[in-house]
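The following blocks contain the structures, represented as structure tokens.
What follows is a pair of complexes built around subunit A, which joins subunit B in one and subunit C in the other.
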Partner chain A sequence: MIFHRQSRRYTLLAAGVLFILAFIAVSQVTLAGLSFQTEPAATPTLSPLSIGNETCLECHGQPGLTMPMENGDLLEVYVNPDDYNNSIHGELGYACVQCHRSVGEYPHPAYSASDLRAASLDLYQACRGCHEQQYALAQDSVHSRALAEGKRETAICTDCHTAHAVRPLKDRTTGELLVDAHVWIPQTCAQCHSAIYEKYQESVHGSALIEAGNPDVPTCIDCHGVHNIEDPTVASFRLKSPQICSKCHTDEERMAKYGLSTDVLNTYVADFHGTTVTLFEKITPDAETNKPVCYDCHSIHDIKATDDPERGLQVKENLLIRCQLCHPDATINFPDSWLSHYIPSLEHNPVVYYVNQFYKFFIPGVVGSMVILVALDLNKRARTRYPKIRKMEVTQEQVEPQQAESVGEPASEEDQHGSLS
Partner chain B sequence: MSTTSNHSANNRIGIIRTFHRFTVGQRWEHLLLMLSVIVLLLTGLPQKYRLATWSHNLLSTPERLQFVQQVHRIAAIVLTLVVIYHLANAFYLLARRNLPGDMLPTWKDIKDAWQMIKYLSFFNSKKPLFGKYNFEQKFTYWFMFFAIGIMVITGFIIWFPEFFTRLLPGGIIPATKLAHSTEAIVIGIFVFIWHVYHVHIERLNLSIFTGWLNENDMRTYHELEYHHLTGESSENPDRGESQG
Partner chain C sequence: MAASANPAPAPSSDEGSETYTRFDLSQRLEHLIMLVSFTILALTGLPQMFATSTIGEWMIRSFGGIEMTRQIHHIAAIVLMLVSVFHIVAVLYRIIVLRSPLTMLPLLEDFKHLLHDLAYYFNLRKRKAYYGRYSYIEKVEYLAVVWGTLVMAITGFMMWNPVATASIFPGQFIPASKAAHGGEAVLAVLSIVIWHFYHVHIKHFNKSMFTGKLTRQEMEHEHPAELNLIESGSAPAIPKPEEIRRRQRIFLPPAVILTISLLFGIYKYVTFEETSITTIPPRETVAVFVPITPTPRPTPIPTPTPIPGEAAVSPNSWEGNYRDLFRNRCGTCHGFTAVGGLSLADYQSALQGGDSGPGIVSGDPEASTVVTVQSAGNHPGQLTLDELEQVIEWIAAGAAEK
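Here is the complex of A and B:
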């Protein structure tokens, strides 16, 4: 009896366990089935923007993810999550799909481009969505013109700013270019213009920036502009280039730091060459001229300090080399023809100073004494001649018939003079 | 030397004695001098004041600038030839002991100038008497002589700076440039105030073009020369010295 009762208890227990297991099993299956049904039903109602970056990175965070182009090249579609999150867009919380608007669904719609560059040239248009102003400026640039001419390797937004690791360049509160950005800029341009970068980093400007992090010196964009980069090989750029240099070199505050003269522009303009260049720039900005501008003597990218022991223009021989570019017959005295941006004084170019002083006294002396003599003469005539001439006219009438021979004509001439004075 | 010419006016016959004053060579010299100086000033001053608006149109393109400079240089060559002829002729006459001394400055000129100032300021009642050239004309000649000398020398230096800096220090180029362009102002002012006043406003004196001066002007303005030529004694001989 006891056994019987006991065996029934075990049976009940076993049945309960089985029931629980079965319930769990059934509920699992039901849950799984439910989840399968809900997901596809929910997707179409979601905006693409609601797709979090994590969703994209599930696949695109996998290194080595690529996609074939029509020519067989592989487009890397992997995005380093750290790169993106540290970029200005990542920091500000922009979503992948805000730029990649056409790939919001999965499976993605088919995408194809003939090659890697074609893909870049297509995808960078996304920048326009927010940065229309910069995009428009870039349309006026030498790069855009080159692109229009079919040079596909020319710089587009993403070549300089990168696609995903876009760095903040300006201080968000002051709008000033970050000190680091000063260094990045030449490095960025150097990706293509590496030969120029090599010259620049040796220059008085480049070395101060690269070696000492000095933000006072110009980077590429200070002379060439940022997005609307002009063609620097055209005549108009040449004619206005002195204005570019003088932006900084006539800035008293900035030049005082380095003990540099701010008279460089006005002394240049005051001389033959500078006068011509300034005039052409003002009236015919497209005129071709062989008159030198700043960079013809100071170099373009490898500008050296004038006291540079090797190439500084304070060394007459170095300046002579520059003079000889246009004046092949120039010899060692010739460079002194140029006043070296000094305003003539006793210390600098005393001969010019003395000539100037001489005329300062000579001209007023000559003009003054001449004016005094002429004025005295006029005064004398005004007071003494008029009555005389009137008298002569009267006497002439009486005398004429008898003495016409000798008096007639001279008297009438006197008459003329009288009316003139 | 005197010549006569006949003029008829109002059915009267007037006989005017005229006095030969300038040779054909001198008249040509003056004409070329005048034309070249006018062209030089017209093409030079815009270059000096090229940043002023009035010279913009003349010099605004490289082609125009080059044209103006070429005209300036051609006129400069004409002027230089006149200067060379003038000096060579003077040396030739000097060598033949035939150079007239009328234009040489004398002590009398300084006295004349002083007398003239006194006369013009009503301190003297009588004008000083002048020979062939009065002190003003001599001053004009010598002033222009040295001014043109400066212009020709400095002009060639800045025309050929590469050559001249082989011989001279480079600093003279900006100095000559300054002297050239400033002396031009002096010449411009001088010609327009002094010379134009004396030959146009004071009296119309065209003798440098015609070569002769009429008797009346000769007697009025160059009394000593008049008496010297006519052989008549001066009205007041103690007032002036006869010209050598």
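Here is the complex of A and C:
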């Protein structure tokens, strides 16, 4: 009976299937360069796998459809047709069976997994079919390493992107992240990192994004990367983190909008802490140093504006709390030993400015005087050491009585001086 | 480097070889140790000042990284401070015990000599000034070293012990110290290269700091006034040995106390604070993995709560075995979706059956669609032969629910 229905559907939908496959083939052309590395299976030939989504949704479009796992948990095999059709894959006309390649035939081959997570960990491999590059990048991530260590709850493709309701994140023509996506990203990460999200929400960046939709501020991925997310607790991440912050904070155009200084990196690098971190990064990028990076003072996820009355670092007491993390005995004068990202001037850090000014004149003054005296001495010695040249000059010019005088006394003190050297 | 005072001004000349002792062994050793520590300080310090330059980075890398560079710099600084302590005590010994004249003090005469030499350079005079034991050239250098060492020691202390410094002085003194330390370093190195190298190595290689001696000819040219003083016999005489011993007895106790105090000062200088040596800034403090409770999967099938007091479930019954068997094998189609009208999700639905008739007919396997369809084979979700036999037996035996 079921067979009968099924075979009838095959004949009825043959044209439909062909149409869908043709559509897919066309979409591939427009999609080239988006995020595909391998051409998806889209050969426009009839195969047992070429089944239209309507066929699948006949059963899988019915809410409540489940199948049991080996541990008794039920795997939901219902797919909301609206979710799928509105997803990037649905919009582009992909067929269920392009991902679910093993279930094209009906009856489906037997499938079993020990539990729901095992099923997800198995089924998400389908993403590789088209997104091999992203999959490969993800293999380098802290998530993949955690998975290899047996932490099955670690994020896989479908945990962030969902399986069936995959949203487009980039503008298809410009490749820029969509404005909405800026907001989605922290929400996505928050599914597992909710405590960090709470902090981020409070931060100068997070609040601007969540409350005002400001796309200038960094989301999780701007610091942590996408797919190949690094372990942020290792020394190498810490050492290069100032470069992450300065990507935006040395961007004149972006900082000008908010009246922020772009001297933050060079003033940091010029300071004892920044010099150390910079050299560590260049010379021993995996070594640990106790010198602070940006986030040790500005906080890691709950970064506040520096004029924030409660936590802002322009308030000396707030900065002192940060200093005391490493310098527990620090007193209230101590924060001033950090120049607060200012280049010394009369207005900011005048003592340092005056010292710099002093040496700006003192060094050339002293060294210049020495150079002049040495040059005068050299000049004099050269003239007394080569009296013949001088004689010639004298005969030519027939002037300069004083020179003539010394020429006339070859055994004078000066010549003996010369003979010593 | 040179002493500010010397025992007798250049002890009497050795008549045979006509050399004049200029520096005694301790002064030469002082110079040597200072020469080495100064060079190391410059080589490890300037790259720190210009750490972002290619050459600076290369040098720091060669020393084994920035921490190692700083270690070497600190050790050389300690050596230089020790030499300085020795020098202070030695100078006091010469002044107090040997009553040497303060030949290193700058005098009005030195300015006259400078003007005299300038006049000579511009051919207004026939010869250079007659220098005494130390010319203005040497005095400038000595005083520069004293001044420089003092500035470097003070600013170095502030950078070495920033927390202690800021507990007394404004915090800005620490970066100001760094600025002064760097400026002074550049000044010192340039002075050495220009002034010292020129006057001591280029103009005439004066080896007296290593041999301790000057020849008569060198004396004539470089220290004619001193030579004159020696030869006229008016150089200050060396005190009598018993007089020296008497003064030594007076000098020794305060000298020991001074030395110990200065050494203790160096010890405190180096070990004053350690707050930043081992602490590592804390990382993210909140837990990293805190999943939000996931939205429940929308189709949890309510498992019937067993009613207490009822008879135990038989393993050969719907609840004991066949409900799970049908759910696993047939549930995908014959669960809630009830393909063909047949649902095997619960016992009543199974009895009721679907479009093709009752699913299970108690005691009559032949009339049960489940058996007929499965017996035909090739049904999606096909039971194994063993399972089918069990089902047939169970139905034949009355298809017990519990």
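Here is the rule we go by: the second predicted complex is superposed on the first by the 336 of 421 C-alpha atoms of A that agree within 3 Å, B and C clash if a C-alpha of one lies under 4 Å from a C-alpha of the other, contacts with A are read in each partner's own complex, and residues count from 1 in each chain.
Here is the rule we go by: contacts are C-beta pairs under 8 Å (C-beta built on N, C-alpha and C of every residue); 3 or more make two chains touch, one makes a residue touch a chain.
On a predicted model such as this, the values are computed, not experimentally measured, just so you know.
S.K.: Under the stated touch criterion, which partner chain does A:P292 make contact with: subunit B (first), subunit C (second), both, or neither?
M.R.: second
S.K.: Let me test your reading of the model: by the given contact rule, A:Q62 touches which partner, first (subunit B), second (subunit C), both or neither?
M.R.: Touch status of A:Q62: second partner only.
S.K.: Does subunit B (first) or subunit C (second) touch A:R172, or do both, or does neither?
M.R.: neither
S.K.: Go through the superposed model and pick first if A:P107 touches only subunit B, second if only subunit C, both, or neither.
M.R.: Second partner only.
S.K.: For A:K247 in the superposed arrangement: first (subunit B), second (subunit C), both or neither?
M.R.: neither
S.K.: In the overlaid three-chain picture, which partner chain does A:P335 touch, first (subunit B) or second (subunit C), both, or neither?
M.R.: A:P335: touches subunit B and subunit C.
S.K.: Decide which partner touches more residues of subunit A, taking subunit B and subunit C as the two options.
M.R.: Ranking subunit B and subunit C by residues of subunit A touched puts C first.
S.K.: Output check: A:C326 vs subunit B and subunit C. Expected answer is one of first, second, both, neither. What do you get?
M.R.: In the superposed model, A:C326 contacts subunit C only, not subunit B.
S.K.: Using the superposition described at the top, list the residues of subunit A that contact subunit B and also contact subunit C.
M.R.: In subunit A, residues 269, 271-272, 275-276, 278-280, 282-284, 287-289, 327, 329-331, 333-339, 344, 349, 351-352, 354-356, 359, 362-363, 366-367, 370-371, 373-374, 376-377, 379-380, 405-406, 409, 413-414, 416-417, 420-421 are touched by subunit B and also by subunit C.
S.K.: Spell out the part of subunit C that touches subunit A in their complex, as residue ranges.
M.R.: Listed in rising order, the residues are 48, 51-52, 57, 60-61, 65-67, 117-118, 120-124, 126-128, 159, 162-163, 165-167, 169-176, 178-180, 182-184, 186-187, 190-191, 194-195, 198, 202-204, 217-218, 221, 273, 275-284, 286-292, 294, 297-301, 324, 327-328, 331-333, 335-337, 339-340, 355-356, 379-382.
S.K.: With touch defined as at the start, can you tell me which subunit B residues reach subunit A in the complex?
M.R.: These residues of subunit B touch subunit A: 7, 9, 12-16, 50-51, 56, 59-62, 65, 117, 119-122, 136, 161-163, 165-166, 168-175, 177-179, 182-183, 185-186, 189-190, 193-194, 197, 201-204, 214-217.
S.K.: Quick one: in the complex, what on subunit A touches subunit C?
M.R.: 1-2, 59, 62-68, 74, 76-78, 106-108, 116, 153, 190-196, 198-199, 232-233, 269, 271-272, 275-276, 278-280, 282-284, 287-290, 292, 296, 300-301, 325-331, 333-339, 344, 349-352, 354-356, 358-359, 362-363, 366-367, 370-371, 373-374, 376-377, 379-381, 402-403, 405-406, 409, 412-414, 416-417, 420-421
S.K.: Over in the complex, which subunit A residues touch subunit B? Could you list them?
M.R.: 269, 271-272, 275-276, 278-280, 282-284, 287-289, 327, 329-331, 333-339, 344, 349, 351-352, 354-356, 359, 362-363, 366-367, 370-371, 373-374, 376-377, 379-380, 404-406, 408-410, 413-414, 416-417, 420-421
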